[in-house]
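Each structure below appears as structure tokens.
Common to both upcoming complexes is chain A, partnered first by chain B, then by chain C.
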Partner chain A sequence: MSEYDNYIDITAAVCPITFVKVKVALERTDDGKILYIKLNDGEPIQNIPRSLKDEGHKVVKIENNGDGTYGLYVVKNGL
Partner chain B sequence: MAEINYAELKKGGFMRQCQAGKFSLRLRVAGGQLTAEKLAKIREIAEKFGNGYVHLTSRQGVEIPFIDVSDMKAVTESLAEAGLSPGACGPRVRTVTACQGASICPSGLIETSGLAAEIDARYFGKELPHKFKIGITGCKNNCLKAEENDFGIKGGALPEWNKSACTLCGLCEAVCPVKAISQKNEELALDEKICIYCGKCEKSCPSDAWNGKRGYIVSFGGMFGNQIAHGESPLPIIFTKEKLLQALDAAMDFYRENGKSGERLGLTLKRLGIPVLRQYVGERLK
Partner chain C sequence: MIDFSDEMLERYSRHILLKEVGVSGQEKILSARVLIIGAGGLGAPAAMYLAAAGVGTIGIADADVVDLSNLQRQIIHSTADVGKAKVLSAQETVNAMNPDVKVVAHRLFVDSSNIAEIISGYDFIVDGTDNFPVKYLINDACVLHKKPFSHAGIIQFKGQTLTYVPGAPCFRCVFPNMPPEGAVPTCRQAGVLGVMGGIIGTIQAAEALKYILGVGELLAGKLLVFDALTMNFRKINVNKAKTCPTCSEGAGIKLIDYAAPVCDLKKH
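Right, the complex of A and B next:
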């Protein structure tokens, strides 16, 4: 697994709390550092990346965990 | 007192109430948008001539109930002061509904409010065999329920991959709800046969390697009243507004030529078959 600076698991949350949790985790991440987000397939994977892009954060890598979850590596304010 | 011509009143948006001599006045609204100035006028009329309230209709319209038949002229004149006018009822083009679209909504793929105003200006009140509803929704999320309408318009995006910008992060493959994108070695492939034009790949791509060609997915023959039918989309995505309006013109001409009086477009299509419409409209779009 790649390196990251901060971690958040939102697989137990539902919209809109998913993105709220991501926002809180990003608050605790410095600019240019990597936040790892563990999220579910379906609605979260379809919507969270777009919201991240809209707010200027860059997804640099994605891992399919093969269990219905994904791992996103996001650079805070990386766009 | 002159006899009341109910058909004429209804045409002009005055809906007869259960209460004798009272009418619920339907206003002309396009795309569900009303300026503050118009709202102020609606409030004034509801207080002065109605019962101090309005009813929001199921299709983004506004009705002012309890207008007395004797006040109709005064009310119509008062409406005009704020650029308002009565809406439509009966066998003609009705309110054009729309979501807020790409100008407001992050999910939006096409502009909708201006398009609704343009279509309303062009077709409002045009007489047809039966009622004709047009609805515009900005994306695949379909908040405006395009397929419920006789003519539905839905924003879409045909994705185009720009290899030089792509970092092969794999996000689009994961994001695509129908798994139309696959990565082999250093190449991404889009299966256009299963792509639903939702634009999610483009909206989420961190390196802008997907550029969606925006367009309109049109549907015909939806209705949600006494009989229910889901609008059909027999045409490929349309990429220009000119072609979209040509398709709408063609659909209305088809309906005028083939629809029986009092028959919704959906029933005409059930009777004649979707391929007949597809060929008719397809010819006109050439």
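Right, the complex of A and C next:
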């Protein structure tokens, strides 16, 4: 697994609280640092990367964990 | 940073999702202090939307009691509140809406002797009053004490609103002097469509929130005029008046309690 500076698991949340929790975690992450987001397949993996991009964050890597969850590595304000 | 509980994240999720608000913007809202002068047609919806938004401290100033004739438009009050102090009725509604909001009830009519002290504790003031003497007093006091405020007025099917921030044109730049007694009917004489307070008062709440967040363009230097019969919104550019009796250089503001027209005097 790659390195990250901050971590958030949103697998227990449902839309739109998923992205709200991501925004709170990003608030606690410095610019240029990496936030790791653990999220579910389906709606979260379809929508969260797009929402991150809209707000100027760069998704640098997506890992399929093979158990119905994914891992996103996001650089805060990396776009 | 405020430690948002899951309940707070859910309550304010639709704000936090907005790029222009986010977590830090919602924190600004939760720590903001807004004063609403007049818990009537304009103040009721303004107070309710600001309460729902989570404005941390909402001051409400009004000396009146709820009257049956208020209920057609003053939606913060209910039938059971008739006879109750408006500030208390408003406080109960806000408390029931959002426990994150602290209401400060000022059960008084603002006048030249108390306005400076009352406004000093707030970041933004909403003028929800129904008469010219107090509107001019609020303008003059806010200019004097460098407080941003939202002016508004409604009558019949018409409404207008303008936002003042220090340095921008003030209400008196546009309307330098009080209209002579009898020249403008009050809503007591002329009537007002109930929703006018909702439309214009909600715009005032939006201006307060935009000021708190520091986003978008305020109605500063703009007078927004609305006609519900034609559904026309007109935004008129207004300039600072060199001869403004309040905000021009060397104007020397004195707070004055203008006499209210006799027909407007409240009977207690």
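One rule holds for everything that comes next: the second predicted complex is superposed on the first by the 79 of 79 C-alpha atoms of A that agree within 3 Å, B and C clash if a C-alpha of one lies under 4 Å from a C-alpha of the other, contacts with A are read in each partner's own complex, and residues count from 1 in each chain.
Convention: a residue touches a chain if its C-beta (ideal position, glycine included) is under 8 Å from a C-beta of that chain, and two chains touch if they have at least 3 such contacts.
This is a predicted model, so every value here is computed, not measured.
Asks: On the A-aligned overlay, A:54 touches which partner chain: chain B = first, chain C = second, or both, or neither?
Replies: A:54 sits against chain B and chain C alike.
Asks: More residues of chain A are touched by which chain, chain B or chain C?
Replies: B
Asks: May I ask you to decide whether A:70 touches chain B, chain C, both, or neither, giving the answer as first, second, both or neither?
Replies: A:70: touches chain B, not chain C.
Asks: Answer with first, second, both or neither: which of chain B and chain C does A:79 touch in the superposed model?
Replies: The answer is first: A:79 touches chain B but not chain C.
Asks: Which residues of chain A are in contact with chain B in one complex and with chain C in the other?
Replies: 54
Asks: Within the complex, which stretch of chain A touches chain B?
Replies: My answer: residues 41, 45-46, 49-54, 58-62, 64, 70, 72, 78-79.
Asks: Give every residue of chain A touching chain C within the complex, in rising order.
Replies: The touching residues are 16-17, 19-21, 23-24, 27-28, 54-55.
Asks: For a test of understanding, state which residues of chain B touch chain A in their complex under the given definition.
Replies: 106, 167, 169-171, 174-175, 177, 200, 203-206
Asks: Across the complex, what residues on chain C touch chain A?
Replies: Contacts found on chain C: 1, 4, 9-10, 13-14, 16-17, 19, 22-24.
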